[in-house]
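Note that chain A is present in both complexes that follow, paired respectively with chain B and with chain C.
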Partner chain A sequence: MAIRVFLLLLLFLSSAIVSFSLYEDQAGLADWHQRYIGKVKHAVFHTQKTGRKRVIVSTEENVVASLDLRHGEIFWRHVLGTKDAIDGVGIALGKYVITLSSEGSTLRAWNLPDGQMVWETALSSAHHSKSLLSVPINLKVDKDYPITVFGGGYLHAVSAIDGEVLWEKDFTAEGFEVQRVLQPLGSTVIYVLGFVNLSEAVVYQIDSKIGEVVAQKSMVFPGGFSGEISSVSSDKVVVLDSKKSILVTIGFIDGDISFQKTPVSDLVENSGNAEILSPLLSNMLAVKVNKRTIFVKVGGEGKLEVVDSLSDETAMSDSLPVADDQEAFASVHHEGSKIHLMVKLVNELDNVLLRETIQMDQHRGRVHKVFMNNYIRTDRSNGFRALIVMEDHSLLLLQQGAIVWSREEGLASVTDVTTAELPVEKDGVSVAKVEHTLFEWLKGHVLKLKGSLLLASPEDVVAIQELRVKSSGKNKLTRDHNGFRKLILALTRAGKLFALHTGDGRIVWSMLLKSQACERPNGISLYQWQVPHHHAMDKNPSVLVVGRCGSDSSAPGVLSFVDVYTGKKITSSDIGHSVVQVLPLPFTDSTEQRLHLIADTVGHVHLYPKTSEALSIFQREFQNIYWYTVGADDGIIRGHVMKSSCSGETADEYCFTTRELWTVVFPSESEKIISTLTRKPNEVVHTQAKVNTDQDLLYKYVSRNLLFVATVSPKGAGEIGSVTPEESSLVVYLIDTITGRILHRLSHQGCQGPVHAVFSENWVVYHYFNLRAHKYEVTVVEIYDQSRAENKNVWKLILGKHNLTAPITSYSRPEVFTKSQSYFFAQSVKTIAVTSTAKGITSKQLLIGTIGDQILALDKRFVDPRRTLNPSQAEKEEGIIPLTDSLPIIPQSYVTHSHRVEGLKGIVTAPSKLESTTHVFAYGVDLFYTRLAPSKTYDSLTDDFSYALLLITIVALVAAIYITWALSEKKELSEKWR
Partner chain B sequence: MTQIIRSSPVLAFIALQISFIFFASTLTCTSGSEDSCYTITGRVKIPPSNVIGHTEKFSNVKVLLNGGHKITFLRPDGYFTFHKVPAGTHLIEVSAMGYFFSPVRVDVSARHRGKVQATLTETRRSLTEMVLEPLREEQYYEIREPFNVMNIVKSPMGLMVGFMVVVVFLMPKLMENIDPEEMKQAQEEMRRQGVPSLTSLLPGAGASR
Partner chain C sequence: MDKGKAVMGTGRRWAVEFSDQSTVPSSRDILDPPGFSRASQEQDDSANSRQKKDAEANWKLQKAWEVAQSPFKTLMMMGFMMWMAGNTVHLFSIGITFSALWQPISALQSVGKIFEPFKDNKVELLMPKLVFLALNLGGLALGVWKLNTLGLLPTHASDWVSSLPPPQEVEHSGGGFVFH
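For the complex of A and B:
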């Protein structure tokens, strides 16, 4: 007993010292942060002789970044808003990065060395259109050539120095769409070529100083243009006609327009539709026709001739001036597992300046984009480097026949995440190989002790960090006792599956989805397919990856089954029907494969795996399978039930028809569904009852079939500021998805979305905007079961009215009651998640992804509807916090500490084996992982536990015992002598 | 960045006297849209600071309108601008690592040609003077307490040692204070009961006897 008390005391004391949040030297110990930029759209090299060599890129994730060309690291980057897509990038005056975004209506300049925004200019635009950025290549820095921008019907000239709009031309009346802006060197006149209604070519000559139209020429082309254009020289462009069968060369020398038609069939026999490829080559253009890429040379008089032809899977760069007025371009094509990079002169295609063959990972797919840059070698010859963007969005720099660096930019667009266990450690491999000798071990702990007593020098701190990483063995590829080592499986938009190690975030394996039906399926979602218990079955776990051929929801789906340990595809199948919803069923077959239902667009559901065993399991549970669909557009939630096998229509015995069981229709004139949410299906609830302070029992209404729905008035569906408080109201519902019964309805007048919610156990927490207070609010709703409230003691539980043997019917109204409370919250929110632990005993924390891309951990106790202004003594002891009108934002409880998870999209939590600890993974443009202990690590010693101090104490105690023994003996002896 | 927090929190705090100055200019949106749109301009003024990483921190400040509907960045002089904002009530938030800013309620008046009124929503203070400071500086890390003898003493090990010290050095003192008569009585009692003394408990005690 005494020992127990002492141990408790010890535990209490140690926990009182260990704080909840991190010390600075603990950052990066259990967490990691990876910075990405996304799939590169444009790249501009900046390789002056002096200074660091860099490449400026803009990406599909609306990131503009400056990368180190030597190592691929990010010098700086900025993530623009989600609606602020970048249309063009350039470097002006040799010191500013210019970006054009939002369809040509926002022009920004960033300082090249440090990424500080220098100026920002809003340009007028009337309608949505293609936009165009033309940054003059300045040879003389002292002269300020204006930047010309076209977008939304306006042509602007903007000074590169301060972003001042020098002049603007309104072309909206004419419907003139600018295609090319050409600025001959040394001339003040710029040529602006464009089309009117895709049938008339117009050339304006505009004085670049004042914006006055010097001359204008137009000419109607009877066939009409298709809009694809390639400029081949300073006075010629080539376009396709509307039928995509005739190449039209438009010359506009000195303002005179001339057309010259060349049917594609003259160049290639049996030609189909042609397509002009984007690379800009001088006096040449690349055309894709008949699955071949042909190079067409444009002669002096606009005569076209085919000079070369390549397979269509060739990616090309723009041409680049190399020495002696010659231009060169790079092309990359595949051959097996190798890629060939060739740099050729545009004028002499036979003259290959560079031919390199590089081994390439199969799982990177094809080359999508090539950006080339040249440099002068020490022997005065030209060297080339190529930046290539692969199909899986990765970015690689090739130089001298090798991959200098690569960035896995696919991870910037994660669509779904799940976790998986690592393989069990095989016998014969020793775990404790880290601690070499007793001396080393002791030295390490003395260092740690020094660190915790703040006596460590900076070198010691570094040594401590290294030691900690090493001794924790956190990077091993086997399962550990606490379940801290796991795999995070992330599916990206490019259809690539990554397995990341929780220890350091490295990629353990990656796999690109493949399909016979289409070239490259998109990844949609991930499911646990087979999780064999390692004692029962010696089989590797696997996941189901659901993909789709094309972006349309009716496109046929692709299923891939991937071995989690090896990353190898087990099988994949083109299922021949579309995928609208995937329902993992709570049944597994004898090989522990989980049954899944896939609903398609025509109202059928399909059972997977397609085995007779699965079918027999399914037939047994046929009556008990329900699901729901949410029609956000028409405001109807429908409940479905299985009807029969669809044998009448198809011979597929794994296909079933369904019928509608119930519908909840929201009036479209007053309510619009903006958010729906259910509990996580694999969530563990430890206890169903909650004991009040007055020894009262509250039964949680723990149902897996509760759906949270939030609706707003249609006017309030827009952004904040577009609606007055009187016009908007927010209504939330809790709906039973089996019966379609609305269990609870709560309306917030004068509030609007966006609603971010989290649903766990018997509570929902949601975040919305209160227009009256003009603040964000968080509301918690807890739902309790009234029907079992009578069962207060054992006898009532057994003999009472509502015991478990009493018949239950779904027609009876469930007796529930709710408690709710609202609080202000001082920040916009992007997403909310909740921690999840193995047994659900540990108290929960809300993980709030804020607008600043940080993640705030907020104890659930702060959003407890039982909070009152003056809690009684008993309530205080229970841990009820006095009510405040707003939720606290404690900076130390940001789990991301000093990092930002740029472009935060989602937070995923997964339990570890240790009950106190949970894995947290956040994804967006960046990735962030950490381990959290919401109630502190009460079930294990922390990393900080000082073994050295323990050892010293024990030594001291032993010494003390011997000293006292000696003293005691001496005293006894002297007493005996007395 | 973390270095600044540690090295000179005081300096950084002094350095951050950020002020917002709001004004708006009417800027009729393009002919295509019927509503007239306005511009909101504010200023984040940071006096020069010699803290390392200061500029980097400054360039990572984002200003967000209406929960991220529009995002803009600061110019070197601290100014930021939102263009094409319709009349109405809006919310501006500042996201800067290391500082907490109150969201700002901004009313853009349609009647007064885009006159802007700003109020801090956290403190409900109206920005008539148009000066705003960040509500507080944020420390993301717990500060380690400096070395303290009391910490060691208070730790479980310290308590164990302390307890031993008490037993070893104070108990004999207490024994001495006891009346010798009573002491003798107690000792006799102990002998009769055969309670082993400390020496007999220890190994080797028997040998020495």
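For the complex of A and C:
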């Protein structure tokens, strides 16, 4: 008996483990993975040699990548750490990509063709300073010109061949800030220009061979500098004075410093404050003044002269040598829905080498950056291509008056994600082009049949795989029966909203936020505004995008309402108050618009939508709406309750004042809040009871008003390992956000953050570092309601004489108790999420975003406080796993299988209509989507179920029955005749 | 059981016909032959048939008791099978349990039919029927008990609570860190 049960259990367990993984040919069927790089900061073209033309880019997401110039595909890519921001990029020796990162303290060389790291050098760094990289243009391949790097107060010369530091020079003197490091071409002298306390210009001449200071000159400028600087030639720079009204040309020919002052008002009439723009143009600088961009030519004597003036919305590239000692630069400006690309010679601005007009999608916004590259056409003339970075962070290559390719790099910085339904399929409306003819359908099934009967040739296998990936209807733009087709709405840092199709990840629509009050609001967060479900079925669903004009928290907010089906903005309103928190309420009006409260900095809350109906709904529930704030700096959690309409102060009847109700104060000397978490408001919980072995009953404490708070001792708030176990402790709390009551407190001595947690139903799972054990730990806390535990009389339950479904209030002070258990976990974690299904019946899996940017699915059964070392027979049958000290990492249970979601930031799950299945979307620099069935797809046949085989089997059986019947009849007849 | 019934049925029909004819007055229009004494023969005949009937009733009662006690054997058999099947829910144990439930129910449904052959004015069938019913009910109870041990009966509080959704909350709260 025991053996039998054990075998059964083993079978069950092994099947359960198999259910995580997928077969090789199933990869890419339901999942997709998109690779991005982020907003490009620097770009270096590599087009000299024949062969693959490429561009090396570094981005704001700390990615260095090599892109194919023909198609925009990624040849190779490296995502550096979040603290490893790239300061400069260059190509040395024609074969190495050099990157300077971490504020000038790390220099790396990557092999240009395949992106392998060749060498890495850690440079000494004393304090925070500008970091400057200058890679010499190498004319002779075999000769090693050193790379000059300035960073952290030191100037280094580094050999490009092996990364050896040839010499370093200390510039860490107090108050001295290095602004430019210049080396005239072919010269052995390096000029280091810096300011002392922004009032004295100092120039050092350094021998580039040995790193010794040859000469040093300094000169005090009485007005002081503002720090904006533009180097116009190898011996001249132009800076702005501290009032931003005078341009100062600093010449340092042969080490002698000379100042030449030119008031901006001499150049432009009625000038306001000026601003030096970043493009490096030879003997010229671009200045932004009076909302115009003016080009100022710098004469030989430091004389300034305005040569051209363009509109404000112009982006320019650095100048680039073209034939015959001439330099050219590209500028791009907008005109309506078109952009004009012009390439001009620096010396003769009237000589326009190239003028192109390109139609541009207005949802890409303005041009932010231009990088230009030239090539020699077959007729020996110069051709130009321009790489432009748009306001939505997208990257486009323009060549010969057309967009050759574009990359939606905005998706590398997703800030908030929600999902939305697709429109219902209407009769007579053929939305998709993927509809198959009957013949194709049949052909597909015959192919599948061949595959399942192992008759398929290798070509057939490829065809089958292709067919499965493009499986009929997967990419349709209509709702499906299982809810597998959905839209993923992603808000990016650039303030653009993307709708991605779950079938193949393509962009269905995209929209850049706009507002009247400010040109481009920042997107903050995304909410479901209207989801027609029972009422208002004629309306399209819509989402609310909360944005803000400016980065300051007191900046006025902007609300945009976007139609999900069409991607068109319904309305957008400048709400005139700040946005610090958005509270979606659990009430909807008659058109299924969800009520939202928006809290501002003064402590008022504002009700949306601003309709009288919403107001009456809100006033009905006025007493029951609470609001809490977490002050991470002062360590206080405050609970507020609605007080009254703020009619005394403003005439706005949708504005309400609040009153502080409770506070939870953490002692600042011993505890610092590092993480808070609540349940997802839209999570569905199937049952309130938890049935243990022997039908024992526990009542879950399922409340939306629970806040999980993790605090560490202030010393332990730093990096892992920076404190001793005695100095650091981690305390977690479960706090009721209505009454401020602390339901549970758990202290971990000798433990440290960062804490990553997930909260679902009645349990919290959190991940932290145990300093004593030198290991990461995962703890689960389950919370149960003791006051309901009396409800165990079967007859009362049968007759319905219980109050288990009656609404409960937090003021009834329910007695709770918790169960918890801790385990070691071998990996560092970036984020944790949990699967969510439509009815909440399916068992749950934790989705752990690991440090390797993969997602690990871990059954909730592994983090169950009821696990014991030797589970009883009944417990084993129930599926309780024997307790082990660490959680298993099963390689097959990585849901990302071979992919890596580089720079993983978050994981979002959403239920499909099929109870067994959940959508999983992970974002970071990359995007990854898949569907998961934590308990297998128990409610549907798998995709690769062969209907044709079933049909053929049935037909064959029927035929066999008929034939045998006929045969037996015949035989019987002949028997009778005998 | 069927065989016994058939035998009894034919025997009875014969007996009835015979005695009836002998008592019909019209048949006595013909005078008895000389030396024949009807009285003694009738008396003898009636004594004989009563004796026969008594035996038959006894036999019927005995048979009825046998039938009534027959479920006991199946009960024992079932008990043994159930013990063999174990307490886990799988195909075997469910099959046995449901047959254990079905057999008494079908027997109870046809209790009248089963005892019909033994119906007689002189035979007291109540007790056998009661015993039969009791034993079958016992079998049924055994089945139900088995069903319960398999955990298939909603006799626990958990069975009634697990479908209850969590209660609504009166208060609503939201918030958290402020947006930066």
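Just so it is clear, the second predicted complex is superposed on the first by the 877 of 978 C-alpha atoms of A that agree within 3 Å, B and C clash if a C-alpha of one lies under 4 Å from a C-alpha of the other, contacts with A are read in each partner's own complex, and residues count from 1 in each chain.
The definition used in the following text is that a contact is a pair of C-beta atoms (placed from the backbone, for glycine too) under 8 Å apart; a residue touches a chain by one contact, two chains touch by 3 or more.
This is a predicted model, so every value here is computed, not measured.
A.B. asks: Mind working out whether A:889 is in touch with chain B, chain C, both or neither, as first, second, both or neither?
C.D. replies: First partner only.
A.B. asks: In this superposed model, does chain C or chain B come into contact with more residues of chain A?
C.D. replies: Counting contacted residues of chain A, the larger count belongs to B.
A.B. asks: Between chain B and chain C, whom does A:960 touch in the aligned arrangement: first, second, both, or neither?
C.D. replies: It touches chain B, and chain C stays clear.
A.B. asks: Using the superposition on chain A described above, determine whether A:722 touches chain B (first), chain C (second), both, or neither.
C.D. replies: Only chain B; A:722 stays clear of chain C.
A.B. asks: Given the touch rule stated above, what does A:630 touch, chain B (first), chain C (second), both, or neither?
C.D. replies: A:630 contacts chain C only, not chain B.
A.B. asks: Is A:379 contacted by the first partner chain B, the second partner chain C, both or neither?
C.D. replies: neither
A.B. asks: For A:538 in the superposed arrangement: first (chain B), second (chain C), both or neither?
C.D. replies: Neither: A:538 stays clear of chain B and chain C.
A.B. asks: Touching A:459 in the superposition: chain B (first), chain C (second), both, neither?
C.D. replies: It touches nothing on chain B or chain C.
A.B. asks: If we count contacts the way the header does, which residues on chain B are in touch with chain A in the complex?
C.D. replies: Touching chain A from chain B are residues 1-2, 5-6, 29-32, 39, 55-56, 58-60, 62, 64, 66-76, 81, 83-86, 88-91, 93, 95-98, 100, 102-103, 105, 119, 121-122, 138-142, 144-147, 151-152, 154-157, 159-161, 164-165, 167-168, 197-199, 202, 205, 208.
A.B. asks: Which part of chain A faces chain B closely enough to touch in the complex?
C.D. replies: Touching chain B from chain A are residues 9-10, 13-14, 17, 19, 21-24, 27, 76, 78, 80-84, 105-106, 108, 114-120, 122, 124-127, 152, 154, 172, 452-455, 719-722, 724, 754, 769, 771, 773-776, 826-828, 830, 851-853, 886, 889, 891-892, 894, 897-898, 900, 949-950, 952-953, 956-957, 960-961, 963-965, 967-969, 972.
A.B. asks: Touching chain C in the complex: which residues of chain A?
C.D. replies: Result: residues 1, 5, 8, 524-525, 548, 553, 579-581, 583-586, 597, 599, 621, 624-630, 632, 639, 676, 678, 681, 685-689, 691, 695-697, 699-700, 702-705, 707, 737-738, 791-794, 797-798, 804-810, 877 of chain A touch chain C.
A.B. asks: Give the list of chain C residues in touch with chain A in this complex.
C.D. replies: Residues 86, 88, 151, 155-180 of chain C touch chain A in their complex.
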